[in-house]
């Protein structure tokens, strides 16, 4: 392990200092050291949108705080859920009197901490409703969708929810938009090398060189198959097939597509994969209307890729196109 | 080596397909397979801005093509200069009758190919003037600045030149702005692990785990010192010192700061470094007015960071603030 | 009627902290067999922090409230909310009860367990700390119903907790990290059950001592 | 007056391609000692491509133009522009000259060398292909000035090129990749000089053969 850190137990604190110094136009500190909110005036007269999760996935989660996206974020240790009090503080920071939509990923710790935090917030008079992302098709079968993990599809859920909140939607409308976005979203990842939590000092899982782990989770959770590494075109075919069959997407569908690197994959390779994905989707009559390629949701320095596809109806198309500004994602108004 | 590729000799072709499919709003093909231009109408009535360089540095170079930035780019093999004809074709693609500014980095191959290409273009009636980036302080002493390599500082040179061209500046004015930008820019990198060109199949240099190569080049060129890996705060001190002494920056200066990962460094660590850099600059009375932290100029999956600082006068400040849109860098109008 | 004052019971919280810190290695070790090996670290980090925030003379309710608050505020992951709500709810159930008798203790335990089940959704047999808590509560209440005294109820609870822990050895994990192993999770104690047994035993031992001292 | 027709000289370009492809391994090997070992690959990739684009009956000027064009169009790095401009300029200098005599050959060589120096900026003694080209040109011109025939001039050039290559062995590289090694670059032939000597020797041998055949 050879890294740009100080004390391995302080990586989250240290990086938050850098975030605040680098982006004072987007991010502001709160009374809670593990909660950041959108810079500028406090949310008022509209629904607040919040997420939270473990660190090490940057730009997720805090990189999606900004106008038209998230209002506040709860920040956990590397790969560990934020505390219940952090979520609660994020709710308070994002509350503008119209309630808070907490849009987060399906992990045991996050589920429990959000639940606890919602109770604490309710006692303080803040109404919180939740949407739990479960876009990772590899993490459980189609009949156990409630067991599936949330992965990079969360970004499109945040985009939909954030845009609906910016439009002035009610809490129920924001929740409905985010829920629809994630219901229409499927993701799958392929891992090519493990990553190391600095505080642990060594990888906590193994991927042999020359093999790929299909369906790997964002913390290295085992996937559905380990096989010899395939050419990019075959990786794309495998991923597209699994995703398209799961929803199922069909001829005439408009979609948003997001290809994310897991941290150490050369950017040019993400585009190699995207080229194949685009071609394969179009061959099925599916049209990528919004396209995102880059390191949008990472796992430290893991190498590999994830593919996310969201089916768009008129409302989701409108919400995707709405302007938004953040470290990780900027959409210009048209 | 475990990668998302097909034929290792086709990685450039394959990734360009993906770029064109993903960003039809920003990038368009030209008659030359290794030249892309800015989507939309051809440059007309203003100076065209061009760069070019080897692949593997994405989002550089092609990721900075877009309104307010570059008009066309010549694309080489991985870590190899584009051909003279590619540069020439890029000049033709960017020419709108007012001449072309070619803003590129100081590498032997690029120097020669640009020179040849400028001759070819002159024969076709296109006037080309050049600025050669030499921001890497570690690549030669202060009295041999013409031997220094161009690294991530090129991005700020492109921003200045692209903005000046968008303002309607003459070729000499665009060249002057870009030249000033790079003259006021200093960079230095630290390497923590090597990278592998897919066609070669194994790393062509070595960095021992637990050691860092200070002053490493963007292709793994040897730096000025190999030493045990230091904490992030000491890395920052080392880099800031070297840069500030070289220009020299002083109390009251406004600067743009860019921290770029080399490919495999976790994003949170780039922010750890930025936090220290910001603090150290401010302690010297130097104010970061524009701040960029991310994977802006990479070297495949090399791990490590580079720091770039540009001193801003009123003109450069204005040019940095002008709107621009591209895959790698978007600046919103204010 | 057997009872222990808040104040006399207060120091037991520090004994629980000490027990967790002492057994950190053991807890980590059994979590390592079918989990990710961090249960000892997670628990001792939270308990140590809470211990630092307690002072001499704090009563049991205050101690539990501090524990709950610290776990919820400083420990992410699953242990924070599970044990956090457990102690928070038990503290609330003890509010205004001084001294604490067997009836109150039973109500307290019931509130704590209910909130763990509510937050975590685990059932008996899932190979979690619920497999310690549920039989412990049942044994305590059965003794109480039989008309036994506080001390006897506590002794019954302690035995049932230990048996509950042992029962997890043959279970297949149905929830949490270990559930991914399926059949392979059989044959090992559950880490959360082990920490829970340790906490209940330490609590019972402390109260038994105070009951004896008060008698 | 000794001269060779464009058409008769044309096939020599293919012989130069064959020579580079044949010596690819050797060129790579010496580049590997003080450079990055790709000189053989770079050269044979470009020359092979150019060879594919030539057909029977193409004259020497056309052959050189194709070589120059291919190197400039398909080979990045340094070899593309250096050898590319070399052959392009030589092709232009041969334009309209049929047959080619010693005076024209000298002018051709001068144009080619001038453009390499212009593009690359290397001087004699820098340990590059200029250390082959410069003495080769000087020997050719000296022979011409002494009033010797085309064949004798070519023979003088060939010997000087070989000596020029050998002279690079003791030089310290001042330019290009190998210059970073400083003193350590001494003791090895220069790769570019080796390919350049090979090209000049093949060209001289081909022209000598045609001169003999024409005589």
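Worth a mention:
Each chain carries a letter (A, B, C and D) given by its place in the written order, and its residues are counted from 1.
Keep this in mind: contacts are C-beta pairs under 8 Å (C-beta built on N, C-alpha and C of every residue); 3 or more make two chains touch, one makes a residue touch a chain.
As the structure is a computational prediction, the values presented were derived from the model and not from experiment.
Among the remaining chains, those touching chain B as well as chain C are A. With centres defined by CA atoms alone, the chain at the far end from chain C is D. Separation between the centroids of chain C and chain D, computed from CA atoms only, is 86 Å. Per-chain Cα centroids separate chain A from chain B by 29 Å.
Centre-to-centre, using mean CA coordinates, chain B is 35 Å away from chain D.
Chain D has its Cα centroid 58 Å from the Cα centroid of chain A. Within chain D, not a single residue touches two or more of the remaining chains.
Taken pairwise by the contact criterion, the protein chains link up end to end in a single open path, with no chain closing the loop. You'll find the chains touch as A-B, A-C, B-D. The touching residues of chain A, counted against chain B in their complex, run 1-7, 11-12, 14-19, 21-23, 55-56, 58-59, 63, 190, 192-193, 195, 207, 209-212, 229, 231-233, 235, 263-276, 278-279, 288, 291, 293-295, 298, 300-301, 303-305, 325, 327, 330, 332. Those residues of chain A that touch chain C in the shared complex are 54, 76-77, 80-86, 108-109, 112-113, 115-116, 120, 204, 221-222.
The touching residues of chain C, counted against chain A in their complex, run 36, 72-78, 80-82, 84-85, 119-120, 175-177, 180.
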